[in-house]
Amino acid sequence: MSVYLSHDPGVWIAAALTLFIFSFLYKDNPLYKFAEHLFVGVSAGYYLVLSFWSVLVANLWDPLTSALGGAHGSPLAARLGDYRAFLLIPALLGLLLFSRFLPRLAWLSRWSLAVIIGVYAGLKTTGFAQGDFVAQVQGSIQPLWTASWATTVSAWIFTVGLLTTLVFFYFSREHKGALGVASRAGMYFLMVSFGAGYGYTVMSRISLLIGRLQFLLHTWLGVR
Amino acid sequence: MSALDRLARLDRRWIFLVTGLLVLIPLLWPLNLPLTPAPPVRAYHDAIASVPPGSHVLVSADFDPAARPELEPMLRTTLRQLLQRRCKVVVVVLYQGGPLLVDQIVRDVAAAQGAVYGRDLVNLGFKAGNEAVMVLMGQSIPNTFPRDQSGADVRTLPVMRDVRNYSSFRLLVSIATGYPGTKEYVQQVQGRFHIPIVAGVTAVTAPTMYPYLQSGQLRGLLGGMAGAAEYERLMNERGAASRGMDAQSLAHVFVALCIVLGNLAQRARARREEG
Amino acid sequence: MLSWRAALVLAILAPAAGGAPTAARAQGQAIIVPPPVIQPSRPAAPRPPAPAGAVPSPRPARGLTWKDVPDDAGRAIDLQWVLSPDDTLQRALVQGYDVMRSENPGGPWTLVDSVAAGVDAYRDQSTSLRRNVAYFYRIDAYGPGGVTPQGSVTGPAIAVSQWFNHTRWSALALTMLFFAFVLFFIQSAQGEGRKPFVRRIPGIDAIEEAIGRATEMGRPVLYVPGVQDIDEMQTVQSLIVLESVARTTARYQTPIKVPVTYPIPFTIAQEMVKGGYLQAGRPEQYDPDSVQFVSPEQFAYVAAVTGIMLRDRPAAHIFLGAFFAESLLLAETGFATGAIQVAGTANANQLPFFVVACDYTLIGEELFAASAYLSGEPKLVGSLKGADLMKLVIVALVVAGCLLESFGHHGLTQWLATQ
Amino acid sequence: MKRELPLFVTAVVGLFMILSFFVPHQLVSVPADFLQQSAVIVVAFGIVLGGANLLRVNLEAVVKRQPDWPYRLVLIAGLLATVVIGLIEGRDFQALGTRSTWIYDQIYAPMSSAMFALLAFFIASAAFRAFRVRTVEAGLLALAAFLVMLGRVPIGNAITGWLPSGLRLGAVSEWILRVPQNAANRAILIGAALGVMATGLRVILGIERSYLSGEE
């Protein structure tokens, strides 16, 4: 095993910041606090720049200036994906958000919120109706008698698990008697599912540590 | 004070230390435990292997550096398999922290495979808006991504000549860490535009993908580093994921041991407090 | 029987399988018009004229049919044809096909697109295609020997806009049924003016208990509304619950801290906390800095929140909303501080960590029930009843579906199918 | 009016978006697409608003010399440096070799990954301290975790190699994920979908009006 330290100052900075964050494992300390605050500042700045160039400029400013500059006919002749002067509406709604800095006009920002909430509430409602509700119900339907006994047993366990867990989410009655038994079975299925989720997740978490250690070992210290 | 008693009062920093060492040591001295590809991994590999050469494949790479150790090997191996099959690859990024990282990987693999940027593959870069962007892409991809990652007009790129929307693609590969990701593609795109999807996800999200796998909404699935390593195995490579699996094995055993020891210790303490 | 769409997919997936299309059924009325006059150089086509001699030009494709793509806004037409007999792997006479389009059976023809040899279907959705316009199509086979136009043209093909997407019948029916249930129960609860019965949900009851504990200890309450933007309904739900929580903390005169990841939820969270203090009759105690914008980056956010946990030492941590990997960092760091913790999320893969490290956990739908449960308003509680009735419908659907499948009837499954 | 009109806008927009899912006609799909575009743009404005807010709050803390003000200064410096450099570098700020790329690679990415890597330590500690098997429920949770954890790595199959292939840990963990885990997960998905739809409906119809609360 040989060691070959990196000569790139950037790698040294990255390694130092990594170690600052890891120092939290020992306890909260000034190095961690430094990294924490730097991280919050840089990440917020990064998102700001990203939104500015990739949405505000690319999707708003560019099409708007070209439409108002008369680049392709009437600025109002909108069609799918090309909204021309109509883009002034989201621009106005976006600017209204800044009314929050003026307490007397802060209520104006509700207009922007109203549109955003309306769009996403509507989109999500149907998205979940199709993708999570209908599709999941459909996916749960399977034959309960098959040629292979292993498949049949699994199908029964699956169906019982699904139905009892749904019963667990039933709010209109006290969970007593038969309902109580079913809801208890549902609880057991939930617990097995959570355990499996925990066990499965370990891999993901360890992976991240492996990634960081590989960086420290190979990229920074140059261990071969 | 008994050993179990002392264990019950154990400072969690000792656990941190052991975890760190168990991961570090096999990275320095590998054990090379064997790998067997699971059926969803094989299905993922086969779905790509059955795309006719020359057709377009859409790769949505939605992860940030945090998910890199798990998803980067998947993206690399996937791009390699696609380019070796002479597929035309279009990469998009909908996850905020990802564009730069993905661009580096794409260029790196393209260079290694001798693929020509703009002719064999393109990286359209990032667009904010989550599902809304997914739906917009169903109308028109060149309108949604007028410029690629490096600012070139996508209409001038040969690889984009036949690309209109999802129907221009034979397969959608979603390599995703969270939201927006595979789940949203299944909901918004698979439901509306009927394009076959395969996915590579972190080990965390993998269990929630099983319903989609079972219902046929996903054609194949890579889950976490193990999925990536098994996929590398199918491609006869020994990449970063395969190398990390030894550390995984030891750490998994340790966490399992923690559950057992934690309970033994707690029980001992409870008994002593009773007595 | 194979649907037309399935046939198209099969045809695409098996392009070189002998060249015979799986189901070339004439769905559009293909009218046969006299073959177009073959001109040696076509204005619209990019192909060079055939070199004389050497290689013969390919025989033409035939049997072109069209079909308006269903369930769209009149933006596309599907075409399918029978491959040229020369389109085989052995005889490399065909390199591909040009899809030609005209508004007139006699031309002039414009090139829409080219497809590779072995492909016998094409979906014309070019931006130049207009709805409600009659088009004629022709498929030209081309190869090293030159271009051979199809012997006949097909048309008039018209892309028509539809008012209903037929693949979404099941989603529409079930959504409408569900909405009807919810609205019915809301209406009847409002009419009767009393709260319908809902069983106790311990996790939600624990929220008030936690705030009470914090008040006794004289320490603040930490409220984490998830790490997603406003386009996530869990965030919306969590912000709604935040108002009730803020009302309680205002009543107990306990400070609340709300770090937020995204600006829009941040704006709404401010309104909510302010609203809560207003409702509790203590607007003067509202501290505008109690709601704090941090960063959309999930781990920058976690770093800041764990900072609050360690330095301000809140006695109650309430995590409600959409969570990802950060759930474990938050819950485990919180566990170490000894605070009472209540969590709730619909992100199934994060629930294990909350269940393990928190005192109470709201699972999935319980999170969405929280605002109604906490408010105690009859009409909101009524909507929970609607969801419950829908669950009974689902149970019935699954049982009926499984039985039907067991006896080999696939009707219900197909009706529900979204793909 | 300051409250009712926005609520009305939410209702109209929300119902229209629901409609657009079922109606492909251009009179519906084009405006719906425009609304989605608009939402994306307004959200981007929000990010700028958030940045301004962050700056304001932290500058105040520095001016008032709050206890942690030097760290706040670090935050402000990080924020301003990233924004100013990104804006100066223009729309190609993410190209290879720019300063923005350097900041991303050497500062943002390593810290993000390092925070994430902390999870590896916490998951072990949670297993040791929090996995208390006192009830049947907790026992099932621990058992499933134990089996899946070992079954997902090569070593699990290695130690159960003497069993028939269907009973090896790898196969057992696959079964747990595929059958009981999947069943409960699906019930959570369906329940949550109902919750999302009900909340969406209540918000759209203004029954759950409080997202626009606060004073008039």
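Order as written gives the chain letters A, B, C and D; numbering starts at 1 within each chain.
The definition used in the following text is that a contact is a pair of C-beta atoms (placed from the backbone, for glycine too) under 8 Å apart; a residue touches a chain by one contact, two chains touch by 3 or more.
Source: prediction; values computed, not measured.
Shared contact partners of chain A and chain D, listed by label, are B, C. When the C-beta contacts at C-D and at A-B are tallied, the pair with the greater total is C-D.
Each chain gets a centre from the mean of its Cα atoms; for chain B and chain D, those two points are 17 Å apart. Averaged Cα coordinates give chain B a centre that lies 20 Å from the centre of chain C. The multi-chain contact residues of chain D, meaning those touching 2 or more other chains, are 18, 21-22, 26, 29-30, 33, 36-37, 39-40, 43-44, 46-47, 49-50, 54, 68, 91, 104-105, 108-113, 115-116, 118-123, 125, 127, 129-131, 141-142, 145-146, 149-150, 152-153, 177-178, 181-182, 185-192, 194, 196-197, 199-201, 203, 211-212. Multi-chain contact residues of chain C (touching two or more other chains): 73, 168, 171, 175, 178, 229-233, 236, 263-264, 267-268, 294-297, 299-300, 303, 311, 325, 328, 348-349, 351-353, 355-356, 363-365, 369, 384, 387, 391, 394, 418. Under the contact definition stated at the top, the residues of chain A that touch 2 or more other chains are 21, 24-25, 33, 35-36, 39-40, 43-44, 46-47, 50-51, 55, 58, 80-81, 97, 100, 113, 116-117, 119-121, 123-133, 135-140, 159, 162, 166, 169, 190-191, 193-198, 200-206, 208-209, 211. Taken chain by chain, the contacts link every pair, so each chain touches all the others.
Those residues of chain C that touch chain A in the shared complex are 73, 168, 170-171, 174-175, 178, 196-199, 201, 230-233, 236, 263-264, 267-268, 294-297, 299-301, 303-304, 306-307, 310-311, 325, 328, 348-349, 351-353, 355-356, 363-366, 369, 384-385, 387-388, 391, 394-395, 397-399, 401-406, 412-413, 416-418. The part of chain C that touches chain B in the complex is made up of residues 5, 12-13, 15, 113, 116, 123, 125-127, 228-229, 231-232, 296-299, 322, 324-325, 336, 348-350, 418-419.
Against chain C, in their complex, chain A makes its touches with residues 21, 24, 28, 33, 35-36, 39-40, 43-44, 46-47, 80, 97, 100, 109, 113, 116-117, 120-121, 123-126, 128-131, 133-135, 137-138, 140-145, 155, 159, 162-163, 166-167, 169-175, 190-191, 193-195, 197-198, 201, 204-205.
Partner chain B is touched in their complex by these residues of chain A: 1, 25-26, 46-47, 50-51, 54-55, 58, 62, 80-82, 119, 123, 127-128, 130-132, 135-136, 138-139, 193, 196-197, 200-204, 206-211, 213-214, 217, 223.
Within the complex formed with chain B, the residues of chain D that make contact are 33, 36-37, 39-40, 43-44, 91-92, 94-96, 101, 104-105, 108-110, 112-113, 115-116, 120-121, 123-125, 127-133, 142, 145-146, 149-150, 152-158, 170, 174, 177-178, 181-182, 185-186, 189.
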